[in-house]
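Can you read through this structure? Questions will come right after.
Each chain gets a letter, A, B, C and D, in the order it is written, and its residues are counted from 1.
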Amino acid sequence: MTAMVPVTNEHKPHGDWHRTPLRVPLYEVDLGQAVYHGNYFHLLELGREAFLRDLGYPYRHFMAQQLHLTIVEASCSYRRPLLYDDLIEVHTHIDGWRSRSLTFSQAITRNEGTGGRVLCTEATLKMVCVRFTGQPTLLPSEFVDILRDSSGVPQR
Amino acid sequence: MTAMVPVTNEHKPHGDWHRTPLRVPLYEVDLGQAVYHGNYFHLLELGREAFLRDLGYPYRHFMAQQLHLTIVEASCSYRRPLLYDDLIEVHTHIDGWRSRSLTFSQAITRNEGTGGRVLCTEATLKMVCVRFTGQPTLLPSEFVDILRDSSGVPQR
Amino acid sequence: MTAMVPVTNEHKPHGDWHRTPLRVPLYEVDLGQAVYHGNYFHLLELGREAFLRDLGYPYRHFMAQQLHLTIVEASCSYRRPLLYDDLIEVHTHIDGWRSRSLTFSQAITRNEGTGGRVLCTEATLKMVCVRFTGQPTLLPSEFVDILRDSSGVPQR
Amino acid sequence: MTAMVPVTNEHKPHGDWHRTPLRVPLYEVDLGQAVYHGNYFHLLELGREAFLRDLGYPYRHFMAQQLHLTIVEASCSYRRPLLYDDLIEVHTHIDGWRSRSLTFSQAITRNEGTGGRVLCTEATLKMVCVRFTGQPTLLPSEFVDILRDSSGVPQR
């Protein structure tokens, strides 16, 4: 899932980002024939879930400690629409982290018939670690240890 | 729907933004007990729909001309979570427009029991007018005329 | 909200069902240009929420007691598609109840330009009262008292 | 995908139904901590999509002919709740078909740690073949040929 990814004619995402292959479901598509803009966050979430699982710290581990990563800021650039049944890849990367927060950069590319890959979506999500009560708290230390060991994820 | 809105202790949104009162539905709330981050776009859309209807150019008019306003960039700041059954108001404003695009600023406030209103969500959505085929095109001239006549909506 | 409702050329729903007027949002519509079949449950839920509120026992009261009404069986007949921006009414009725369960019958009609109303959707939902832990439990006694006082809601 | 499936202590679904393994996404779960009742239709749809693809007639083929399979009746029995991150399998079977319609039976089982499988959800969906205009029409003949060749799918 983390092999090199030469993206066609695009600088980002870098080849060392995590990749999750998906197919666009019918129920994410709206009357404009492309994925509804709020539903891209479903696809991005599937990418982050797979990323955390492959990192060795699935989201389930947060929840077992009565913690959530709650999203406080999101931005998304819809460069090219995703259509029903498109074969896509969600690219996921942690930009940086602090004691209570972290920021993901993500991108979605579409596989073209020619074997190339076209950048369709770019997103940034900043999230804060909170208890189930909503109170902000420290990221779990075991998770932080994993982040420290992951090359290319800067503490900020 | 367009009456003055003094927002408690907040500079934005301004009092002359359009307001749509809503109640947060159960099905928008996820396992973290707040509205799922992608579902805020449903609430924001309901606000824009009401705004366009009250402006005299409902979205149905775009579609009748085989046009869509497709979202090319969105950003959202989730300052305070929206909870099930919260009484909220979606505030909507057009920041500016060009021949083929326009940008909305929106905010969601929650009504507090004291009669005050707390700013929970801020969002910006940039959209482009496209034909059903996906090709960018001019905003309908009748819609542009309405924008020109609306004080406070600058052409940029 | 509970006035008599003569439905055009249809036997059901009866005129004494609760009615909630709604407009079909864009985000509920899929690429087939009608509401996605799973999303009719959003519209039906908005009807039941308004019904319970008008009955004097909003769903929030269940939750305040750490209770949910969890759906155990649902069926829906999609007789005519609901389209974007349709003006509709959700009709809601409790068919019957037992100590731990109750069954709703619901229907959705579309307002026609002629002033008539066409039956588009019929649904039945059976739900069981459960604690937040998932364990089935008795319906709250205050809610049962309201049901007993409501003419036409049989205990079964 | 179509290997024999002994389901723990359950008569249905039969072992020759098509199976699609999935993991329950976070965004399908509501404030009750289980999948929202309307969102089970997303999971069921993913199963039917995979079924049609493996049958050699993906849904894309219908759409290429300006056809949809529109759902006219659905029923779902929610026997046990599906929770976030559950490993599940969607079992799909065509009960029967006529010239313009077909009926799917589906089930969702959850994988238990012991290697067993527990039946959680049962659903039946009746659908009609329609043109993009909404007009009912014959199922595509190539699709009917495939159904005829599939043992165990009766014409009714």
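Just so it is clear, a residue touches a chain if its C-beta (ideal position, glycine included) is under 8 Å from a C-beta of that chain, and two chains touch if they have at least 3 such contacts.
None of the values given here were measured: they were computed from a predicted structure.
Considering the contact criterion stated above, the chains in touch with chain A and with chain D alike are B, C.
Annotation: A-B is the more contact-rich of the chain pairs A-C and A-B, by number of C-beta pairs in contact.
Between chain A and chain B, the centres computed from C-alpha atoms are 26 Å apart.
Centre to centre, using the average C-alpha position, chain B and chain C are separated by 28 Å. The centroid of the Cα atoms in chain A and the matching centroid in chain C are 37 Å apart. Listed for chain D are residues 26-27, 33, 36, 38, 41-42, 45, 84, each touching two or more other chains.
Residues of chain A touching chain C in their complex: 26-27, 29-31, 33, 36, 38, 84.
If you check the complex, the residues on chain D that touch chain C are 32-34, 36-42, 45, 68, 70-79, 81, 132, 134.
Residues of chain A that touch chain D in their complex: 25-27, 41-42, 45-46, 49, 58-60, 63, 84-85.
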